[in-house]
Amino acid sequence: MSPPSAPLRPHPDRLLPTDPAVRALARRLYASVRALPILSPHGHVDPRLLVDDAAFPDPATLLVTPDHYITRLLHASGVTLAELGVGQGPLTERQARAAWRRLCEHWQVFRGTPVRYWLESELAEIFGVTERPDSANADRLYDRIAERLAEGAFRPRALFDRFGIEVLATTDDPCDDLAAHRALAADPAFRGRVVPTFRPDRYLEPAEAGWAAAVARLGEAADEDTTTYPGYLRALESRRRYFVAHGATSADHSHPDVRTDPLDPATAARIHATALAGTATAAECTAFRRHMLLEMARMSCEDGLVMTLHPGIRRNHHTPTLHRFGPDTGHDIPVRVEFTDALRPLLERYGTAPGFQLILFTVDESVLSREIAPLAGFYPSVFAGAPWWFLDAPDAIRRARRAVTETAGFTRTSGFVDDTRAFCSVPARHDMSRRLDCGLLAELVAEHRLDEDEAFATARDLVDAIPRKAFKL
Amino acid sequence: MSPPSAPLRPHPDRLLPTDPAVRALARRLYASVRALPILSPHGHVDPRLLVDDAAFPDPATLLVTPDHYITRLLHASGVTLAELGVGQGPLTERQARAAWRRLCEHWQVFRGTPVRYWLESELAEIFGVTERPDSANADRLYDRIAERLAEGAFRPRALFDRFGIEVLATTDDPCDDLAAHRALAADPAFRGRVVPTFRPDRYLEPAEAGWAAAVARLGEAADEDTTTYPGYLRALESRRRYFVAHGATSADHSHPDVRTDPLDPATAARIHATALAGTATAAECTAFRRHMLLEMARMSCEDGLVMTLHPGIRRNHHTPTLHRFGPDTGHDIPVRVEFTDALRPLLERYGTAPGFQLILFTVDESVLSREIAPLAGFYPSVFAGAPWWFLDAPDAIRRARRAVTETAGFTRTSGFVDDTRAFCSVPARHDMSRRLDCGLLAELVAEHRLDEDEAFATARDLVDAIPRKAFKL
Amino acid sequence: MSPPSAPLRPHPDRLLPTDPAVRALARRLYASVRALPILSPHGHVDPRLLVDDAAFPDPATLLVTPDHYITRLLHASGVTLAELGVGQGPLTERQARAAWRRLCEHWQVFRGTPVRYWLESELAEIFGVTERPDSANADRLYDRIAERLAEGAFRPRALFDRFGIEVLATTDDPCDDLAAHRALAADPAFRGRVVPTFRPDRYLEPAEAGWAAAVARLGEAADEDTTTYPGYLRALESRRRYFVAHGATSADHSHPDVRTDPLDPATAARIHATALAGTATAAECTAFRRHMLLEMARMSCEDGLVMTLHPGIRRNHHTPTLHRFGPDTGHDIPVRVEFTDALRPLLERYGTAPGFQLILFTVDESVLSREIAPLAGFYPSVFAGAPWWFLDAPDAIRRARRAVTETAGFTRTSGFVDDTRAFCSVPARHDMSRRLDCGLLAELVAEHRLDEDEAFATARDLVDAIPRKAFKL
């Protein structure tokens, strides 16, 4: 007989400062914002989830297989992606159970990571799990969660309400007809606000395979002739307007760098044509993308979509894994990034344009105090984005706040962004952020750098007024 | 009726560690250095202020308009630089009052920033303000400060004494006749020591507009023929000697990078000539500047001026603002910087030269542990400069000490440098530094990494022996 | 009469967290791992020390002269390397005493550095010194230590046992016959495990002076014709197998960068030939080295040696010092480094190869959260190395754990590596690491991010299972 499993019980004071006096204030601050509605202005939840409102299929498909935060560390620990059900379409019960078992058996590799923190919160607070996962209780936990998933209270819409989500932004292809968003908006039984986000990366990178086909699709979606450069621009403008009409408030961009060097229209048109013909050089393709990022800023000035940048990721680092299991499988690896010079052409033109807003995210911490905070501390258009991806974790979030606040204060930041495709982790992530911000504010009060009334006001602003302003919610 | 304003009362323990036992020691350490004289070996206060000793015109002109730390975050918050009186010459009472009101109305955007910390100290400790600025009390505070400014006790010399400043270094153009410094030195009624700093940037950058005119002016000032390269060198040497004769102890340099690649004299002479003729290429201009930085080191070996480097800033990032409001208006943005390879030619030649001293400042934190501390930990000439600009703030200062000390200890650092043009912020800044250093030392004692007697000795050295040595005061 | 010297008494709680509740747990965690055997899988102790087991000559030769951590900060403080006995062969008693005196006189420059911490531990715990070194007690301390060194209990083997070292890895030239390792393995009176490490840098860098001679030596050692590229490869493979047969578990590489771009065999062979002929260009030499680093990975897949990378150091920064005093004299200075793109060719090929292990060390902290942790968090072959060199100090170690753990957890790290040539500092360094890890774990428990049983298990794994796995001990 195996030993009894350890208990799982997330502590009410978790992540708060350890000094008793500071913790007491942090606790009061946290209590004042804990239950405020969740604004999730950037993420990757599929909106059809809420349209269909079907029961989630099984614990692994819900919590393990699609979450690259989980699968990558299991992969590093010797579990194959195949065992985790990655890239295999719908899982059989046997496959799902096996994938779930891998997670439970390797629970200890997540010690000290935010995945552990999020999962613990989800298991305990959403599913009522009271034992720490291990190899002995894996099947029992699977059964318990599977049972719950069959209940009506665990359907997507019920969870959406229970999570207290006020706004949820999805990330969408410019050609998407946004039928899911329309269905939700038209459904009187659904009271949440689910808005699309315009994500045109693939249409701006002529060097990527499939660009010409994408541009053709774009032409169809917008009813424009995208074989010409002006038509291509009009099509992008048209699709952006379509997104705005369906509630979008932002456009997201994730390229290797954020250079924004202008081309004259004739050169842009020439590259557009050669790229469609498949004869553009790599340098021309890069120049075109950099020019188009600037064009996106121009369009943002016109249609009001907040521009958000998520640069500096080398996607699909391990080609054999890409070929076997597809993209978003845990090996997008950060590289150094530069903002000051790269964004200068854009900011020279639009940095003080009325209504223009630009949110800068980074996975390269070294730019926070050096570039992002100084830019957000001068340009009325620039906001420092919340820590992203490898940095969306307690210690990194603390470092980021410390790195940004002294130059840009609190009001020039974006508020928390969960950026997740794991729907059930949304509340745990926002809750983590609230705890950390309240802890930091309590420390500022304890060091007599801020008065208590200001800490309470700031704690609330950080989950309410600040993200509303940054993302125009 | 508006609600009563919040009180403003800087806490005696502000910035000290929150752990009660550690704070108790930090408090004792701080008490031992709190009242020591201020050595300000690098800054931007105008020496004529002390020569004229006239009353400061008004609160905005004193505290708001010229301080780019304040105007930039207000600008980012939607206040125009015009509203703040930037770039408009002397302000009318109406303009000054309006600018002041903008600051008070936006007080909350400074939460968590050092500007808030400095201003709070200044308002409370210098002007006796007891209310936190807000839109309701803005005019009342303006009147109160304006009243004080009219009093003799608030004239520059009285404040200089009250602040306990022993040495104040200014930053000066090589062609400056240093009349203000001479006047102060000759005035028996003024007992402070105000020394100039040689800042030759514009004379070393042939790519900058106005270089030829500057070189001509330099020739006049030095009575040398600067149309020849040897004459140009002699003129620089001569002006440096002039500065030394007027009390200067350091020469400051702020270029985009710190490369110091030598040119042979014939090449240097050729570029000097073509640059004067306006036909030098951008690459030649850069090569010339890098060569001249090495020449500056040679001259420092000869005349003893400490060489200080402040690289890595992209000046006037937003050209429209530069054109409308002038330089130093809040949009100088840092870029990545490199020291190890860039300084190698200089250090190969002069790194162990007797008497040569080189202080390295950075706005790129990533070089602190990687490059600056290792260089300062080997070369007897190299000192790690205090955190500068966007980093002259409590958390950044703590990070910098932690990043530098483990490799270079305390004795290879520069001591605190306020680098400010805001005269009234000088004591608040030095006080902040003393509190932070005492906090760190108390933490080292609490972790049993340092004995208490050593902490007391180090606290004193950091405000006395260490800056005296680094800057040859 | 000089004042009495201060006492020297390392505190039992040193480096543990200062919050009393957190410290209490940290103390219990530390007590559970304090006495576990030392695994030292990478370092620079000379194995002949243990073969000869002769008394150490004198305190300076043991503790000062060969330790570039000590000599560099003394050098920066104005002591010449000559005074410290560097590069002068065996020291006379007079020279040794003078060098020792310099250390004691400058004890205060080490405040806040790990050197101070290590030396304090060594002096107190190994030699029973009870006074803090100063100029008054320098000779007395010298005599006391010298006396001890003459005792049998202070011979290398006795210390090896007393230190509780289970495994000690040395760093060795590929042509070394490993006679010392064989002698130790064959000696029934010596029960420790001393294993060699394959360090082929000089054989892979055709641009370095002496490469051709080294390649010829390699041919002799391996009995292969290294004038041909295939023979050169075979010779390297053969010497690696020889090292494996003598207990080696890893191969170490330290080049300016870690690019691993493949050449086709014909190109590699051509550069090999031209480099031997002395006609290869600098670019060809670099290309060859980058190709060979990839070849080293291939060989690791075949012979199982763990590959460890220590890049990003500009060696012998100050050429005059190199010429006068030799290498490893304190002026190897870090530069920026890049892993994500540089290692991609290697990881595309071997990143998921069974048994392949790659440990990444850095002196550029900015890559920890950005590149190393993400790579170690996906690739089963990649481990994040312990903080190295300028970063092997309490605050830097804490920063590194915080930067790596949230992405890669604890299990994807290397465990502590002392990397020292200072034999007597081995226990102090490992003890420091254990204290810091226990402190961090206690903090995670205090913030309710980890349960207490997990903290105890992790504390033990970090000094036992984790390094055993990473280095295949």
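First chain written, first letter: the chains are A, B and C, and each begins at residue 1.
By definition in this document, contacts are C-beta pairs under 8 Å (C-beta built on N, C-alpha and C of every residue); 3 or more make two chains touch, one makes a residue touch a chain.
All values derive from a computational prediction rather than experimental measurement.
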Category of the chain touch graph - line, ring, star, complete, other: complete
Equivalent interface positions on subunit A and subunit B, same or different at half: different
Separation of subunit A from subunit B, taking each centre as the mean of its C-alpha atoms, in whole Å: 40
Touching two or more other chains - residues of subunit C: 19, 366
Residue numbers on subunit C that touch subunit B, as the complex places them: 6, 10-11, 13-16, 18-20, 72-73, 75-78, 108-114, 116-117, 132, 314, 317-321, 330-331, 333-336, 363-366, 390-391, 393-396, 399
Residues of subunit B touching subunit C in the complex: 19, 21-22, 338, 340-341, 344, 347-348, 351-352, 366, 369-371, 373-380, 382, 402-403, 405-412, 443-444, 446-451, 453-454, 457-458
